[in-house]
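Per-chain numbering from 1; labels A, B and C assigned in written order.
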Amino acid sequence: MLLFTVKRLLMLIPVFLAISVVIFMLVHLVPGDPIDNIIRVGATPAEKAALVARYGLDQPIWAQYVNWFSKMVQGDLGDAIILRRPVADLIAQNLPHSLALGSLALVFSTVVGITAGAIAAIYRDTWFDRGVMTVILLGSTVPSFWLALLMILLFAVTLGWFPVSGARTASALVLPVLTIGLGGVALVARVTRVAMMDIARRDFVMMLHAKGVSRWRIELGSVLRHAMMPVVTILSLRIGWILGGAVAVEFVFARPGLGSLLITSLNQRDYPVVQGCLLMLAIAVMLGTLLGDIVQAIMDPRIREGMK
Amino acid sequence: MALRFLWGVVHTPRGGASAFVLMLVIACALFAPLIAPYGYALQNLPGSNTSPNALHWLGTDEFGRDLLSRIIHGARTSLTVAVTAISISVVVGMTFGAIAGYFGGMFDRVVTAVVDLTWSFPEILIALILIAIIGTGTESIIIAISIAYLAQFTRLTRAQVMALRQETYIEATVNLGAGHFHVIFRHLLPNAITPVIVAGMLAIGDAIILEATLGFFGLGAQPPIPSWGAMMSSGTAQIFIAPWIILFPGAAIALTVISINLFGDALIDALNIRSRLRDV
Amino acid sequence: MALLTVSGLGVTIGTLSPLDDVSFEAHKGEILGLVGESGSGKSLTAMAVMGLLGRIGGRVSSGSILFDGQELVGLRDSSYRRLRGKRIALISQNPMTSLDPIVRIGAQIDQVSLLHLRLSKPAAKARSIDLMQQLRIPDAETLHRAYPHQLSGGMKQRIVIAMALAADPDLIIADEPTTALDVTIQAQIIQIMVDLVRARDLALILITHDMGVVAQACNRVVVLYAGRVAETNTTQAIFASPCHPYTASLIGCIPSRDQAEGTLLGIPGTVPGVLNYPKGCRFHPRCGDAMQVCARTVPPTTAQPTGSVACHLHEVVT
């Protein structure tokens, strides 16, 4: 198991290198001289040359990358141009908010989604199943920022149960978590339902019935257990989607977080911050995939032995 | 044949209802100036933020502009962006996917690596990055959305082509000495195209949401041209006094996207291609 | 007294009726062959006896299934469950897919005796290992902890047999137990089952399309065609003088030594699907001896010295 984890970790290294190259290149793909974004209007050529030297822009591009990468690994992500602070500080300040939001939304989607999907699969073609299917359809077709606005309108403005925006109290988390979670619930419930209905048709499930095992034990003990595999796969692949949904939701609820930071810095063309945010999101996506692989290996002996 | 098939799709309750809504939205997009009761930029400051009434069925916004007219014109913006972007994406994705899947080799490995890399990133992030590079505006978000969805269609086409490549008749055609061009365009793509087109249709729904989200962030069509996302963005400031400004454009998006999904679903069932779409 | 008496059994799935008027008996210490090409309704019959038709959306529409004096048609699922696995066990067609891939083999066998015999965990394990050894599974202690993918097809089928035997059933239904296996393994598995029936005084219903297997193992044979019984008789009588033309052509399908090479005989045509069962005798479109009456009326079942046949050729003219 340890060997498996180490192997998967090593496999992530080239992926991480590739992503870091893309993120590094971002600044250089922007039309125009990157220095023009930093320099104040009316600066002398001497001032410009000093800045170029300070950011190492006079060196060849691969040297710039090596320099950037070695600093990045040590936690130095450079300085924000507009906010004039170390990017690492900005991220350290915003990351906890995003982590809290993201992990709560993930737990919410998983628990509610699996429960709803499993009940819908067991009681297929009943009113509950149709209800779940409708929520799934709505959850995957309604823009998350609109849902966020509706939530604010209903629960914050009309009923006054939760704060409209901000992150000062724990209750300010409820609406954002629900908003992001609904999309996740829709996804997880759909995958759970389809997977359970697929597994229920397998020979070994028929064999369990033939052995006289009760229906509930088969559905909850075996079928659901097998259905967890695709659910884990989808969840680990879609962690990026949940974080992506968080971007819009953080923006609407005016919460601090990586999403808000990313959009603000994008609008201000503050590229070091954009790079830092993207790097964090990329790492989150990669860790999500790794976590998914490990959970699956724990559940399925064939994956552990590399047979599948 | 094609007509009878379409009739079969439309004849089911969900197929018929969704087709009706889609026709309505498309009509709005095509004939917006004829259908809309007012001009989209016609301001009337004394009549700002009025609730829905007989003159303005869906109320007015903070400049007194008729919300219904703006939503009808907004359909034009949304559909234009979504349809154009996805069309570009489908065509380019099919080309990449077909070449990668057919020839394999180095090109395939590079394409697969790039697709896998972008695959785990949500489209919204990819679009945001691209907009950071190329700037805001309608053309920019069309390009950004089309690139954001490129991975999906490349992957799908590649999978279809790879599966077809194994078929005996393709093998036979190649062995008989047919040119690569002939095999790809006469045999592989015609057989691979149906799932890709249906996936493209479904992606138009996602692209409408993405366009609205980008518009909401203020990155899309510039005022006064109405887009559903931008309308809601300006509505957030009036959320306490005129909630209809965010309610109705959002409902328009939801209704359109749900119809696209239901219609696509009915198509998938009618064409019996669910399994070909699943694992990609 | 028969252990299992199926009489006039009819099965419907939705508006279709793939099985009608099927009757046969199974006795302790005997192997009953249920024979026919695929699509003849063999597996449906097995599902009906196991009470699992509901799983595939079907139900018993007529007839009765009497097991040890108890009527099984209409039995509540909770009562049926106490029979399944305990008194009636199933050996399924494909050992590759019949075992749960993510549960240890031992646990899958133990489950049956834990459930039906209420054994303690160590006792269940000891019983499973003992069974595995009886079935000549080498290194049973180690394999008890193995996962299905670590075993060969033949070994997996032995595990499935062990699972079927775990609660000491009276009746075992084996649905094409050797179809998915290599020819050399097939004979071993059949021999294991023949030995079991003798040693444990079991009743075994062996479903197969292979007349060779029937000749090797069965005491009596029921020949099914398109959801009806064509002929039943002792194995000896069936092979010595088949009454139904379908039985005769099935036997003709066994390659024999004096047959010229390359002249493997098949029956022309295929079994009709449930959607287009022909009128009259369902075999008449493929039958070499068909008469006009065969296309019009369903042949009645006529008694024979040791069995019965449903064919107009053997109709007793009164």
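Simple rule for what comes next: contacts are C-beta pairs under 8 Å (C-beta built on N, C-alpha and C of every residue); 3 or more make two chains touch, one makes a residue touch a chain.
Please read these numbers as outputs of a predicted model, since none were measured by experiment.
Common neighbours of chain A and chain B under the contact definition above are absent.
Of all chain pairs, the one joined by the greatest number of contacting C-beta pairs is A-B. The greatest centre-to-centre distance from chain B, using averaged C-alpha positions, is reached by C. Note on chain placement: the centre of chain A and the centre of chain B lie 23 Å apart, centres being C-alpha means. One finds 53 Å separating the Cα centroids of chain A and chain C.
Separating the centre of chain B from that of chain C, both taken as means of CA atoms, is a distance of 54 Å. Taken residue by residue, chain A touches two or more other chains at no position, since every residue touches fewer. Across the complex, chain C meets chain A through its residues 50, 52, 55, 77, 81-86, 89-90, 92-94, 97-103, 111-112, 115-116, 147, 149, 160, 163. Of all the residues in chain A, the ones that touch chain B in their complex are 15, 18-19, 22, 26, 29-31, 137-138, 140-146, 149-150, 152-153, 157, 237, 239-241, 243-245, 247-248, 251-252, 262-263, 266-267, 269, 271, 274, 278, 281-282, 285-286, 288-289. The touching residues of chain A, counted against chain C in their complex, run 202-204, 206-215, 222, 225-226, 299-302, 307. Chain B makes touch with chain A in their complex at residues 113, 117, 119-125, 128-129, 131-134, 205, 209, 212-213, 216-218, 229, 232, 236, 239-240, 243, 246-247, 250, 253-254, 257-258, 261-262.
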